[in-house]
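Chain lettering (A, B, C and D) follows the sequence in which the chains are written, and residue indices restart at 1 in each chain.
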Amino acid sequence: MSLANYIIYRITQAFITFLGASLLIFLFVRLLPGDPARLIAGPEALEEDVQRIRVQLGLNKPLYEQFAVYMASLLRGDLGTSIKYGTPVLDEILTRLPYTLALAFTAEALAVAIAVPLGILAALKPRSLVSQLVSVLAVVGASLPVFWTGLMLIFIFSVELKLLPSSGSGSPRHLILPSVTLAFFLIGNLARITRAAVMESLGSNHVVTARAKGLSLSKILMRHVLRNSLVPILTVASVQLGALLGGAVVTETVFAWPGIGSLLIDSLFFRDYPLAQGVIMFTIGAFILINIVTDILYALVDPRVREILWKTV
Amino acid sequence: MEDSLTLRIKEAKRKRLLEVWEAFKSNRVALATLIIIIFVILITFIGPYIAPYDPYSFDLRKARQPPSREHVLGTDELGRDILSRLLVGARYTVGISVVSIAIGASLGTLLGLISGYKGGFWDSLIQRINDVLLAFPTILLAIALVAFRGPGISSLVLAIAVSFMPVYVRLVRASVLQVVVEDYIAAAKLLGLSSWRIMLKHILPNVMSPVIVQATYHMGLAILVASALGFLGLGVPPPTPEWGSMIGTGKIYLFSAPHIVVFPGLFISITIIAFNILGDGLRDALDPRARTLLRRF
Amino acid sequence: MGAISRFMVIAAAILVVIIVLGVYLALRPGTPAPTPVVTPTPTETAPIISRKDTLKVAIGIDLDTLDPQGQTTTVVINVLRHVYETLVWYDDKGNVIPWLAERWEVSPDGLTFTFYLRKGVKFHDGAEFDAYAVKANADRWADPNVRVPLRGQLPLKGAEVVDKYTVKIYFDKPYAPALRAFAWYLLITSPKVIEKYGNSTITEAIGTGPYKFVSWEKGKRIVLEVNDNYWGDKPYIKRIEWLIIPDATTRVAALLAGDVDFAYNLPPTDMERVRGAGLQIVTPVSNRIMFIAILPKGPLADPKVRQALNYAIDKKAIIDGVLYGLGVEARAPLPPHFFGYVEMPPYIYDIEKAKRLLAEAGYPQGFKVTLLHPTGRYLQDKQVAEAVQAYLSKIGVQVELRTMDWPSFVAELRKPLAETKHDMVLLGWGPGVADAHLTLYGQFHSSQAPPKGLAAAHYSNPEVDALLDQAARELNEAKRLELYKKAIETIWWDAPWIFLYTQKWFYGASANLKNFIVFVDGEQIFFHKAYFS
Amino acid sequence: MSELLRVEDLRVYYHLPQGTVKAVDGVSFNLNRGEILGVAGESGSGKSTLALALAGLLRPPAVIESGRILFNGLDLTRLGESEWRKLRGKKISMIFQDPSTYLNPVYTSGFQVAEVYEAHRGGRVSKYMDLVKDLYRKVKMADPERRVHSYPHQMSGGMKQRVLISMAIAEKPDLIIADEPTSALDVTIQAEIIELLREIRAETGSSIIFITHDLALLLEIADRIMIMYAGKMVELGRSSELREKPLHPYTKGLLSVLKPERKQKLASIPGSIPSLIDPPKGCRFHPRCPMAMPECSRIQPRMTKVNGRIVSCLLYEG
C-alpha cells in the first residue's frame, strides 16, 4: 500500500461521510424552529407579504422535495443561494474564507511557537521558576473566557495605549489582537500536552540508549525526544486548527472579524438554511481534511503508524 | 484455587488503588487543588444554607453596588446579593458539568469499546458518525435541542454531553486497539468468553485512566461552554444563579460594574484551574510508567 | 514535585489578585480614561471646519440587501438612505416635507397621489430622475413577483406617468398613513437598474442621494463617497465608512480608541464611561414600544387581573435601574411621538392595589404563569424579564421565564392561541413609520392574531376592530385622532399588555463631530450635513 | 592482568519525597582488563543502579552520594557531562535489558547504530552505514543489508538485542556493561547472545560487567561473581570457588535453588527484599537469614577477606 493509495482511500471515505452528513445537516438545520421568511420581513410585516416570500423561496414545498432540489444542485457543485443575501452560498463562504484562514493559521502558529518551547522548557526543568510561571499562565489562559481576554486586550492596547486598532480587519495590525486572544486560550492545552509528551519521551528507555551512545544533548533532544513527542502535539494542534477553521465565533464577534464563525452564527440566527448548511458542510469538510493531513503527518513521523494506517486500507 | 486467585486479584487491585493514591498524594499541587474541588463540592451541598441573603430577592434601588460590608461581593444588576447567588449557584454549575460529562463519557466509552473491539463495519459506521459529530458546532446542537425539548437544564446537559462524546469515542478506541493485541485478551477469546464480557470485564478497566483524565479536563471546559450557551439564551433560564449564565449576562457590566462579572468569573476560573491541575496530577498518577518507577523503591 | 506547590499556589493567588485589581482600578467608570480637551466652538455663526473629511461609523449589524424594495431593517435603510432618496421626507419635527417631489396632491377619495417632481436631478449612473423612474420603482414595489417584505406598510397598486415630471400613484382603498410611508419606504433607484435586474434581487445601489455607493465588504464595512453632482447642498464629509462591529462593548472600545467617530446602539452600561471620556452622548427615542403581552388564558382572561399586573410593576424603577434611563414610561400603547398618540393616566406602582384587584378577581393567593422572552434582541431584555418576574412575585404571581433565541422566539409567537405554552410575552413593536395605525392595527386588531399576524396578546374586541379599520381609511387628521383616542382608551383599561416603556437608544459620537441630524423617530442618523470642528 | 576499573565505597541514593532510597550503599570492587565480572542479585538489590552509575547515566533524583569510580585511574564521579559524553559509547558502553524499549521506534536500526560513529567521529550518519553492516555481520545478524533499513518494530527480540550489542561494540570500548541482556529473550537466543559476548571479549579484549538475577548463567560465563543484596555487596569471588564453597548464607540460599539434588520444591528464599528507604538495622539480610544470630540485628558486618574472597557477614568476622 502506498501513500497515494492511502490518500485516495481516505478521500473516498470522506466523500461518503460528507454525503451522509449533508442529509443529516439538511434535516437538522430545517428542523430548527423559525421561519426565514418572517425573519427577513421582520415582525411588523404583514402575513400575506411573508407568505409570498415563503413561496418565492420554495419554503412552502414539502421537505423531501426541498431535499431533492438541494441534493441535485449540490451534486452539480452548487451549494444553493443564501436566503438572506440572495447570493450564491459559495460566494459568501469564499468571501469570508481568507479572513478565517488568516486568523486560524496565525493564532495556531503563534500558539505553537509559544507553547511548544515553553512546554519543552517546563519538561526539561520542571523545578525552574520560569517553567512554573509558564504552567500557571497556561492554565489561567485556558480558564479565562475568550471574550474577557479579548475585551481586556482591546481596552489595554487600543483604548488606553492606542497602539493597535480595536477591531475590524484589513491590515496585519488588525490581526494581532484577535490572534493573541485565541493563542492565549490555546497555549494552555498545547503547552501542557507538550510538557507531558516531552516528559514521557525523556523518561523513555531509548533516550537512555541515546545518552549511552555519547550523543550530544541537542541531538538527543531533537532526534530522540522531540521527534517522538510529535504525535500528541500534532494531534492537539490539528484538533485546535480544525476547530478554528470552523470559525472562532466569540473572537470573531468581539473583534468584528468577518470570518466563517460569524457567518455561521448570522445564518443560524437568520435561519438562512442554505447558507447555514453550506457553512457547516464547509466546517466538516475542513475538519475531515485536517484529519487526513494529520494522519499522513503521523505516518511520516512514526513508521509504526504508517504500517497500521496502510494496513487498514 | 479459583477463590485464592480472585482474592489475589482483589488484593492486587486494592494495591493498585493505593499506589495511585500514593503517587497522587506526592504531587502536592494536585492535592491542594483537590482540596479546592472538595470545597466547591461542599458548597454545592451546603451553599443554600450558608448564603447570607435570599439569592432571588431583588431591590432595584440597591442595583450594582460594589462590595461592601453588607454585601461582601456586591450586588448584581437587579440588586441581588452576589455572594448568595454564587453559593446557591454552585450546585447548578457543578451539577451540569458532572452530569453532562458522566453521560458523554459513558456513551462515548461504550461506542469506543464497540468500535475498537468489533472493528469492521461497526468501526467504520461509528467512526464516520463520530467524524461528523466532532465537527458539528456545539451551538447548533444546543439550539436544536432547546428547540425540541424546550430551554432548561436538561437540554443544556444533553448538548454538552453530545458534543463531548466523540472525544471519548476516539480516546477509548485508540486505547482498545492497543490492548486488544495483548495476550490475555487472546486467552479470554480462546476461553470462549462473550464479546460483551471481554469488553466490559477485561478491556474496559484497562482503558479507564485516559477517560478519567479527559473527564477532569472536560469539567472545566463544560463550565465554559455552559456559560457561552447561557449568554445566547440557550442555558439555564433566569433567575437561576448558574455561574456561567451569571458571567454571560454580566458581560456587559465588565467595565461599568466589574464586580458583577469578575466574582463569578473568578469562581469559575479557580474551579476550572483546579480541575485542570487535578487532571494533570491524575494523569501523572495513573500513568503506568510513572507508577512502576515509584513501585521500584 | 513537592517543593513547587507553595510557589504554584502563591503564583496563582498573585495572578488572581492582579486580575481583580486590574479590572477594578483600570476600568472603573470614568477614572483613568483620557479626557480629550474639548475645544469649545468659538462662535455659533462661524464654525471652524476641520479638514478631516472621512467619517467612520460603527454599526452592529451587516446589510442584508442593497435592493431598494427589499429593505426591512431601520439601520440598513439608514445607511442606504444616504444613497437612495424618497419622494417626500420629514423635517425635524416629523412633518412631511417635499424632497424629490416638489409638491403633491391627494384625490378626495384618497386613492390617487399626484407627485410633481424636482427637475434636473440625476442618478449616480447618469440616468435622469423623472416620472418614468418613479413609475418603474412604484410598479416594482407593487409587483407580487418581487420580494418586497414590507409591501403591506405601503399598499400601493401602481403608477402612471402624466408627463415627464408628473406621476400618479394609485391605491385600491384609502390608506391614511400613505404619505408618511412614502417618506420611509419608497426608495428610488435608477430605471436602468430596474431594467437590468427585473424581478430578481438588485445587488447594486444607484440612487440620487448625496453619497454614492462604493463597496460592501460583507461582515466588514460599507463605503460611501460624496456625489459631486448632488442636486442639494454638497456634504462636507467626502467619505463615510460604515464598519460592522457586532459586539456592543467593542463598539464602545472603537469609539473610545478613536477608531470610529460615531457608534450606533451602545450598551447603556457604558454610558458613564463614554461621558467620562468627553464624548457626545445621543439618546434618541425610538419607534419601539416595549410591553408584555398578556394572553387571555385562565386568570389572565380577567381585565382586573391584567390591571393588577400593571399596578404591580414599578416601570420608573426599571427604566432607571435596569435601562439606565433609556426609556420613556408608556402612557399609551404607542410611542409618544407617533401620530395618534394620546396620553392616558398612568398605572402608578401600588402593590396593595394590585393585591386588592387580584383578590377581587378571586385570586388572593396569586397563580403561576409562564413569560416568554427573547434574549439579545432588545435593550436589556433578559434583565427586564427578570425584573418583571421579581415584581410579580411580590403579589403572589409566580413567573416562570422561558428564554429563547430570536428565531425560535418568533416561531413560538406565531402559534395559535390553543397551542401556546406561554401566558405572557415580552415583545417590542417598532414600525418604521411613526403612525398609530402601524402599532395599534398590528397588535390589537383581531385579524392580526397569530398565526395570521404577530398580535402577541391575541386581543379581540369588535369595538376596537371597528375603530382601527375606520381610522386606517380616515383622511381627515382631526377625525382620525379622535378615533385613535377612543381605541386607546379602551385598550388602556382593558390592559391586554403590561405597558412598559418606549425604548431609547444610546449612540455615541466623537467630541468634534458636529451637525449630524438625529431623525425624528430617533433610530436614524444622517451625516450629509455633518462636519468635524 | 592490569586493573581497568576500581570502585571504592560507592553510594548511590535516590532522594524521593517519601524518603531517601539507598539503592547502592557502600560497594567496592575492582575489574581487570578482559575480565568478565558477573553481578547477581534479586530485583531491587541495586545492581541496575550500579550499572547506570558506572555508565554515568544516573538521573535525578539519583545521585552519587559518595565514593569513587576509578576508570583507568580517572575518577568518573568527578566528570562533567561533556567529558562523560566523550567516554560513553567510546570507552564505556552499555547493553540494556529490554531491547524493544531501548531502541527508538521512529528510526531505522542502522541509523541508530551509526549514531555512535557520528557522535565520536563526526560527519553524517549515512556515511557509516557500511561499518554498521560489518557490525551486523559480526553480531551474526541475518541479512544485514536489509536489516540496517528495518525499523525496530519490524525485528524480533533477538535481532533487536543484536542491534544494541552492535552499538555497544561499535567503538571497541574498554568496558561493556550488560544489564540483564538476555532475560527478555527466549532460551535459544539467550545462548547465542552469551556466546556472542564471549567472542567479542576474545576479539576486542573488552572487560564486561554482566548483571543478571540468573546466577546459573553467571557461573557459566563470568570469571568472578559479585553478589548484591539490598544495596550492599555480600560476597565477591571467583566463579568456581563461589560455586563450590559459597560463604555468605544468602549466596548459599541462591545456590541451593540451583542445585536439583536438594529437591527443594519451592525454589526461593523465604521472605522478600526489604525496603531500601528504611532498611533493617545491622545486617540487611538478617530477617531472612537461616543462620541469623542475635547480634546480626545490631552490628553491621564489614567486608572481610577470606581466602582471597570478600564476604560481608558476621560469621566470618573475628
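The rule is simple: a residue touches a chain if its C-beta (ideal position, glycine included) is under 8 Å from a C-beta of that chain, and two chains touch if they have at least 3 such contacts.
For clarity, every value in this text was computed on a predicted model and none was experimentally measured.
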item	value
Far-end chain from chain B, centres as C-alpha averages	D
Pair sharing more residue contacts (C-beta pairs) when B-C is set against A-D	B-C
Chain occupying the middle, per Cα centroid	A
Intercentroid distance (Cα basis), chain C paired with chain B, Å	43
Geometric centre distance via CA averages, chain D-chain A, whole Å	52
Chain A and chain C, separation of their C-alpha mean positions in angstrom	37
Separation of mean Cα positions, chain D and chain B [Å, integer]	48
Shared interface positions of chain C, touching two or more other chains	1-2, 4, 8, 12, 27, 249, 405, 408
Residue numbers of chain B (touch at least two other chains)	26, 143, 147, 251, 254-255, 269, 273
For chain D, residues contacting two or more additional chains	17
List of chain B residues in touch with chain A within their complex	128, 131-132, 134-137, 139-140, 143-144, 147-148, 220, 224, 227-228, 247, 251, 254-255, 261, 265, 268-269, 272-273, 276-277, 280, 283, 287, 289-290, 293
Chain D partner contacts - residues on chain A that touch it in the complex	204-206, 208-217, 219, 223-224, 227-228, 301-304, 307
Residue numbers on chain A that touch chain C, as the complex places them	32-35, 38-50, 52-53, 56, 84-87, 92, 95-96, 99, 126-127, 129, 132-133, 135-137, 140, 147, 151-152, 154-156, 158-160, 162, 165-170, 253-256, 258-259, 262-263, 266, 269-271
In the complex with chain A, residue positions of chain D that touch it	55, 57, 81, 85-90, 93-94, 96, 98, 101-107, 112, 115-116, 118-120, 151, 153, 164, 167
List of chain C residues in touch with chain A within their complex	1, 3-4, 7-8, 11-12, 15, 22, 26-27, 32-34, 62, 64-65, 67, 70, 72-73, 144-145, 147-153, 200-201, 203, 217-221, 243-247, 249-250, 253-254, 256-259, 405-408, 410-414, 427, 429-432, 438, 442, 451-454
